[in-house]
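Have a look at these structures, which come just after this line.
Shared between the two complexes below is chain A, which pairs with chain B and chain C, respectively.
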Partner chain A sequence: MTAYLLAIGIVALIYCLLALGLNLQFGLTGLVNFGVVAFFAVGAYTSGLLSLQGVPLPLSFAAAAVLAGLLALPIGLLSLRLRDDYLAIVTLGFSEAVRITIQQESWLTQGVQGLPGLPKLFASWGPVSDAAIFAVLLGAVALVAWGTVRLTGSPFGRLLKAIGDDEAALSALGKDPARFKVQVFMLGAALAGLAGAFYAHFITFITPEQFIPLITFYVWMGLIMGGAGSVRGAIFGSLLLMVFLEGSRFAKDWVPGVSEVGMASLRLAAVGLALILITLYRPHGLWGGGKSQ
Partner chain B sequence: MTWIEFANLLINGLIEGLVVALPALAMTLVMGVNRFPNAASGDLLTTGAYAAVAVQWLLGWPLWAAALLGAVITAGVSAGAYRLIFRKLAGRPMVASMLAAIGLGFLLRSLISFFAGHDQRTFDLPLVRAWNFGGVRLLPTDLVIAALAAACLAGVFVLIYRTSFGRQLRAVADSADLARASGIRAGGLMISLWLLVGALSAVGGVLLGMKAVVTPDMGWESLIPAFAAMVLGGIGSPVGAVLGALLLGVVQELAVPLLGPSYKLVLAFAVLAGVLLLRPAGLMGRVQLVR
Partner chain C sequence: MMLSVETVTRQFGGFKAVDGVSLQLAEREILGIAGTNGAGKSTLFAAIAGQQPADAGRIRFDGHDITRLPPYRRARLGLVRTFQVPREFKSLSVHQNLLAAAANPQGERLLNAFVRTRSLREHEEQLVAKADGILQFLNLTRVRDKLAGGLSGGQKKLVELGRVLMLDPRCILLDEPFAGVNPVLIDEICERVRELHARGIAFIVIEHHLQALKALSQRMIVMDRGSILAEGDPHTVLDDPRVQEAYMGGVA
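After this line comes the complex of A and B, so read on.
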């Protein structure tokens, strides 16, 4: 039971990390990233492949964050000069392009067979390795949360908020919003890459099928449930998401006559319905009320 | 590549382009009028294909009648979604409509896979042999698909450019305020637009299903190509969307000998990125709609 709670705790913290990255991008700066899973996948595969070559995990984790962040640069430069919705379209397309490339380039990634047998983080600690992973992830989430709060109050953070509020006014003041947007986009992507590395070295077996666009919208669902723009919202929303994802697994026992596959369909339906209902009726999060962030 | 191979790929690319042009045109109409990229377009296409499959299977109707009823059902779903969701999000930031469209897409796809399963479905079509012109092959079915797609596109263009409905629609797309000031009632117009968008996507789904197979993911997989076609043609330009789809279809097909069929979607993304880098306004678009 403890092992199970620890495992879902770790996955919840990984979603927290993803949501905090998206919160920097969307919540603070208004960048609509529909390709969160692309940077998550790049991080997971980067760290996974490097570790299989014998690279020590601290280095492979750093490489995962750096590569995911760097990949965000061309995407950001490409679309951030244009209207908001282009970034959404481009990132969504990018995430599918990344998944298919991972699936096809089997000389590097072993394609659909995936990468089994990745080294587990803190494997040498034996029975307490999961607890150690949980503790390190908790530290990382706390650090990012603290950093985000600090950032919000800093001159850079105020700039980001101003981009979200009124970009034209900011340009008129002689600032270059596009540059800041690209920087934040890269930072959020690096966090997703880091989350990917944690995921790869906790699950120890990654396949392209784990990186479908649905993951992106799980993160979105968590963020908008909690209320985009606030660190507390991103974290509580991700925990709520985890309760939903795990809860829907048990729901199978109460709904008789529905197969495993049917249950997956129903879960997808619930995610779709949640996205619609939250945007319609709770735009500032489930407990956000009507006030603007 | 010999010219015979080239001709075969070109023909196939044009036919696929004609089919993708239907959802691309539907998406462009919504983009021009409601100002958001409708990510549910792909799943409306799937809905149309499955509605036709269900009608054919349950009622035993011939394909043309099943497709027609499928289009009517999908048009209803589309207009209902507008009435219940997108109309209420009209004044809100674009991301609200985009997220809701993604949600609607998930909802449609999940209902379809819940009731119909993940197995491939096919339409009952007569098996016919391809015509062979000295190596250049032409399937009669493909010719029918191309003709139907072209007829549908022509019909939509007549609607847009030759009727009072189209004139009002173009007025709203140009300037919603000016259109309202001129006494155009947006409410009924929007319902008609979304009925049209649903029917157009549904026909695209049936034609795509006739060309290949019907699966719950078929629409999602054609979403990125339809986006790319829309951007390539220039956002908000109906003629551009069709030209973009044809060009993309040909490029994707000509690249198959080099990259293999799996990379089609990646190529669509590359075209999308290339257009945004070199000419964000696309072939026929206006720059002020882009920035």
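After this line comes the complex of A and C, so read on.
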């Protein structure tokens, strides 16, 4: 049971990292990134492939973040001059393109067979390796949360919020919004890449099917439930989502007459209902602080 | 001439919102632009400031050809505008609205969010003091730390004026500074514009409130259907029969 909870905790913290990245992009700056999972996948495969070549994990983790961040550059330059909804479509399409590329280019990625046997983080620690992964992830989430707060209070963060409010007005004040948008897009993507590396070296077996757009929308659900624009919202929203998704597994013990499969659908319905109720009654999210509009 | 607009046209589809307009603005001049709704006044501002670049014609500011420059490059030259409907940064405080406008290329680097050197902190302190000075000048000190989204329409107009003042502009385009503003605040805005003018800033003011515009402007232009209908001394212009006709029954 402890092992199970630890595993859930690790996945929840990985979602927290993804949500914190999306929070920089969407929560602060208003960039509608529907391709979170692409950068997550690139991070996972980059670190996975490098580690299979014998590259030490700290280096492969760094490479995952850097490569995911760099991959955001062309997407950013191509599409950040577009309106919100176009960016959403471009990034969604991009994430599917990345998944299908991973699936097809089997000379590099072993295609649908995936990459089994990735080195596990802290493998040498034996029975406490999961606890160590959890602790390191917790540290990473705390660091990113601190960094986000610091960023939000800085002149750079001020401009991100200004872009989120009214980009054209900012450009009338002598600032080039595109530059800041590309930077924050890359930063959020690098965080997703880092999250991907953690995922790869925790699960130790990655396949293209793990990187479907549903992952992106889970991250969005968590962020919106928690409160976009708020660090607490990103973190607690992701944790809450995980409680819904995983916790409802146990609900079958108390809900009689529902099959295992039926339960899986029920919990998605529960998440959907929660999302509807929250957007209706707490449009800024549970921890979003209800900023005046 | 500080600003010269030469036969500028801006069209939407086949409709010429601004049709071959030419105008000149001297250093330290206040030029008023009046005209009925749809006359092309705001589109002309957008062509000058860069939001809707001119399709034809040429715009020069301070010797630079700015016709094709993006808005932020024009603003950096000292040519700034406010908007007809206030466009404050609603989730920033009034004070932060001003700070966001300040030229601060070093402090606004991503890395410098984490590495704040002494010189960056000192520069930020200078900007804070400058913003506080402007807030005091505009009588906004009371609302300094309020979110700009929660202010009244008139206060938002003042915040927009404060924001552009952070750029130390040489020419300010004011788009309907008195619209939706209560009479007391109108006098106050006029007073501030005169003081800024005395400090050497040139203005072009679009306004429907003709009495206030007449009192403020040294020279006036009346636009109608994308073109300039009359130009000259405010009294003469407003007495012009064509202008009176455009305004359906006159105003004088």
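By definition in this document, the second predicted complex is superposed on the first by the 251 of 293 C-alpha atoms of A that agree within 3 Å, B and C clash if a C-alpha of one lies under 4 Å from a C-alpha of the other, contacts with A are read in each partner's own complex, and residues count from 1 in each chain.
Going forward, contacts are C-beta pairs under 8 Å (C-beta built on N, C-alpha and C of every residue); 3 or more make two chains touch, one makes a residue touch a chain.
Nothing here was measured: the structure is a model prediction, and the numbers come from that model.
Look at A:174: by the touch rule set out above, it reaches chain C but stays clear of chain B. When both complexes are overlaid on chain A, the residue A:183 reaches chain C alone and has no touch with chain B. Once the two complexes are overlaid on the shared chain, A:165 sits against chain C while remaining clear of chain B. Judged by the touch definition given at the top, the superposed model places A:149 against neither chain B nor chain C.
Contact with neither chain B nor chain C is seen for A:7 once the two complexes are overlaid on the shared chain. In the superposition on chain A, A:138 makes contact with neither chain B nor chain C.
Contacts of A:85 after superposition: chain B is touched, whereas chain C is not reached. Within chain A, no residue touches chain B in one complex and chain C in the other.
Of all residues in chain A, those touching chain B in their complex are 26, 30, 32, 34, 78-79, 81-86, 88-90, 92-94, 96-97, 100-101, 103-104, 214, 217, 220, 224, 261-262, 265-269, 271-276, 279-280, 283. If you check the complex, the residues on chain A that touch chain C are 147, 150-151, 154-159, 161-162, 164-166, 168-176, 180, 183-184, 187, 229, 291-293. Chain C contributes residues 49-51, 70-72, 75-76, 80-81, 83, 87-92, 96-97, 99-101, 103-104, 107-110, 112-114, 116, 124, 147, 149-150, 163-164, 166-167 to its touches with chain A in the complex. Taken together, the chain B residues at the contact with chain A in this complex read 36-37, 39, 85, 88-89, 92, 94-96, 98-100, 102-111, 113-114, 117-118, 224, 227-228, 231, 260, 262-263, 265-266, 268-270, 272-273, 276-277, 280, 289-291.
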